[in-house]
């Protein structure tokens, strides 16, 4: 049963404050385009992050990778930097970025792609759920 | 961080009545094939609709598209026509169709593909959840 | 560890069509009061029914009651009569009733209170979930 | 089937930023007691609010109250003031309050108790879900 | 806003193996009464545990208790002893007990009631969810 | 509306006990690699299994396949063999396999691929959810 390609997904969560705005736009233009999401006093979300990796099952262990390693990477490179933080002000890898779900997901991909490769799997998808009605997925394209 | 391809999903909901049957079959044959789903007095569901669109992130806004526009399209072209309606009797774009989840999903695709293209994204998937145990997905193939 | 009072809840589901209306009101008055829920062509829901019973734990078995018996009662007296049915037209114990969630829950209580008492438990609550945003609970008061 | 007492619950949602802290404590003492929830740059949540009201079913309508009225009250008195807001800085009825889930739930009760009484129901419970692991309930005691 | 009584619930999870049986019954009698839950080779569940405590809100902190303390108690007295364990063979506080959800919930109550009292709250409810269709609640009656 | 390719997913559930270990490793080495999942006394899960099949919609019926047939196959070939069982000891198609989610998903694929082909659909994905934080997907690659 070796050399079959499996996809494994790990969910982690973080709670952050953010604001959608462009600093070069007026408050009025930000409000018009981003709506209440541009509130200068911030709002926030319980973000649910799903990281999917792929690769062959190791016949010696029945694992693609040890999930403890994947969880550790996501926590070290992402969750500890985002959880209970202001995503606009306090996150090094989100500086000079409009804090949309699209951009957060892509930036998370860039954070964890190499560390995941280092433990023997390929990053396949970063899915970021902002509310029960909205989520984004980035596949590295 | 421009020209990365992102997938965005918006969930909307509608509650409808329906019946699975072919008018050219007898009640007995309909019951035999479609089971209790062919009840002539109708039954119904809380349908959960997930619409996924794809395209490049706009570096000016951090958005693929403004979700308000996507939500408006789904509501104008689909939800207002299906919610609290009899899907067999009252929906113009489902006329002469067997009201299976398969056909509803495909017909929703045909309703929203062009309007979504008009706001600058490509429709990627229509997912229709009928119950917690059953759902269909259509990718335009 | 005997004679402790425990509460046990069993979930069952049914999918039905219904309409909210009073036959002695005009269509206009029904529409004004009940809104789109009064659509003469019906709409429907995936109802989730939670039945809670209470009583002492039997030290011989560790059970209040055997859940198979509770499930059988709910199915025989409720689910088989409601699932894939038109709740206005096809349910004997809902005749001459406005098919609101309130009235459905109370009528379900009246259906199962005695059979549950017969297997040695007391009916405590009937909870009926119509959508993810609305539910009712009836405690026999 | 009149004069039976029913409980009805309506769910609404809001996304807010907040911070747990006492202005008369040092940052160190706030951090020690409230942990990362005292981050001066805020964090946030998708709050899920469940409002339960009780009262007799009206035999004329099958309703305790019209859910549209309950939803309107919750939106007018609570959601519009909290959604996409900074709960510490922008909410009149939370001024001079430590923004814990406990205090938010109690303050919501005080906001909606009278308006709900005015539409003929009694407020029974305000439940506020902060994360999938934590929620509070206030019953007016 | 002091001396209001609030209810706070914390969810924790554990995955365990178990078997329902009485050692003084034959395998046949156990199978007849407990069904497939009496499988001598065990089966298992992802248990979801909800612990609800009550008491007055402390006006100094906005808290009933610090949730970190509640979580620590549940983990020390319950989760560490049950998670990834055989509930029949490896749990000191479940010895000589039929491992039904009813008995597990009651035994958990007895484990945590005093430690919770020691941090200034009253244990109100232990809710144990075995599957999406079945759960029990114990209120100390 | 013929010859469109649709994906249909059916969810089924099973509760099993298992243990992660290699018989040729010492208990210490198993514990070091697999952690508490290698507990010799077993632990267990509520597994949620999602089977996705694909193929053209039949214009005669509006169905890809009759879901009753898909559900029957999953129950006959998988659920009856796994539910309330010890996955290490009692499942013919898992013999001599490390009982990881990866290997269970792949073995389920091998069990149902041909029967599903026989009813006129192509197996597309086996998704196995072990906990709310972990799941695997196998696409036959």
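Each chain gets a letter, A, B, C, D, E and F, in the order it is written, and its residues are counted from 1.
Note that in this section a contact is a pair of C-beta atoms (placed from the backbone, for glycine too) under 8 Å apart; a residue touches a chain by one contact, two chains touch by 3 or more.
As the structure is a computational prediction, the values presented were derived from the model and not from experiment.
Novice: Through how few touching steps can chain A be joined to chain D?
Specialist: So the least number of steps between the two chains is 1.
Novice: Which chains make contact with chain C and with chain F at once?
Specialist: Intersection of chain C and chain F contact lists gives B, E.
Novice: Since chain B and chain F are copies that touch, just let me know if over half of their interface numbering is common to both, same, or not, different.
Specialist: The interface of chain B with chain F is built from mostly unshared positions.
Novice: So which pair out of C-D, B-C or B-F basically repeats A-D, with more than half the contacts the same?
Specialist: That would be B-C, since it shares over half of the contact pairs of A-D.
Novice: On a CA-centroid basis, which chain has its centre farthest from chain F's?
Specialist: Following the centroid criterion, the farthest chain would be D.
Novice: If you average the Cα atoms of chain A and of chain B to get two centres, how far apart are those centres in Å?
Specialist: For chain A versus chain B, the centre distance works out to 28 Å.
Novice: How far is the middle of chain A from the middle of chain C, if each middle is the mean of its Cα atoms, in Å?
Specialist: Here chain A and chain C have centroids separated by 42 Å.
Novice: Report, in whole Å, the distance between the mean C-alpha point of chain B and the mean C-alpha point of chain D.
Specialist: One centre to the other, that is 34 Å.
Novice: Going through chain D residue by residue, note those that touch at least 2 other chains and give them in order.
Specialist: Each of 132 in chain D touches at least two other chains.
Novice: For this entry, which pairs of chains touch?
Specialist: Those chain pairs satisfying the definition are A-B, A-D, A-F, B-C, B-F, C-D, C-E, D-E, E-F.
Novice: Under the touch definition given earlier, write down the residues of chain D that touch chain E in their complex.
Specialist: Spelled out, the residues of chain D in touch with chain E are 20, 22, 33, 35, 97-103, 105-107, 132-139, 141.
Novice: Report the residues of chain B in contact with chain A in the complex, numbered from low to high.
Specialist: On the chain B side, the touching residues are 1, 4-12, 52, 57, 60-64, 66-68.
Novice: Along chain A, where are the residues that touch chain D in the complex?
Specialist: Interface residues on the chain A side: 13, 15-18, 36-37, 39, 41-46, 83-86, 89-90, 131-132.
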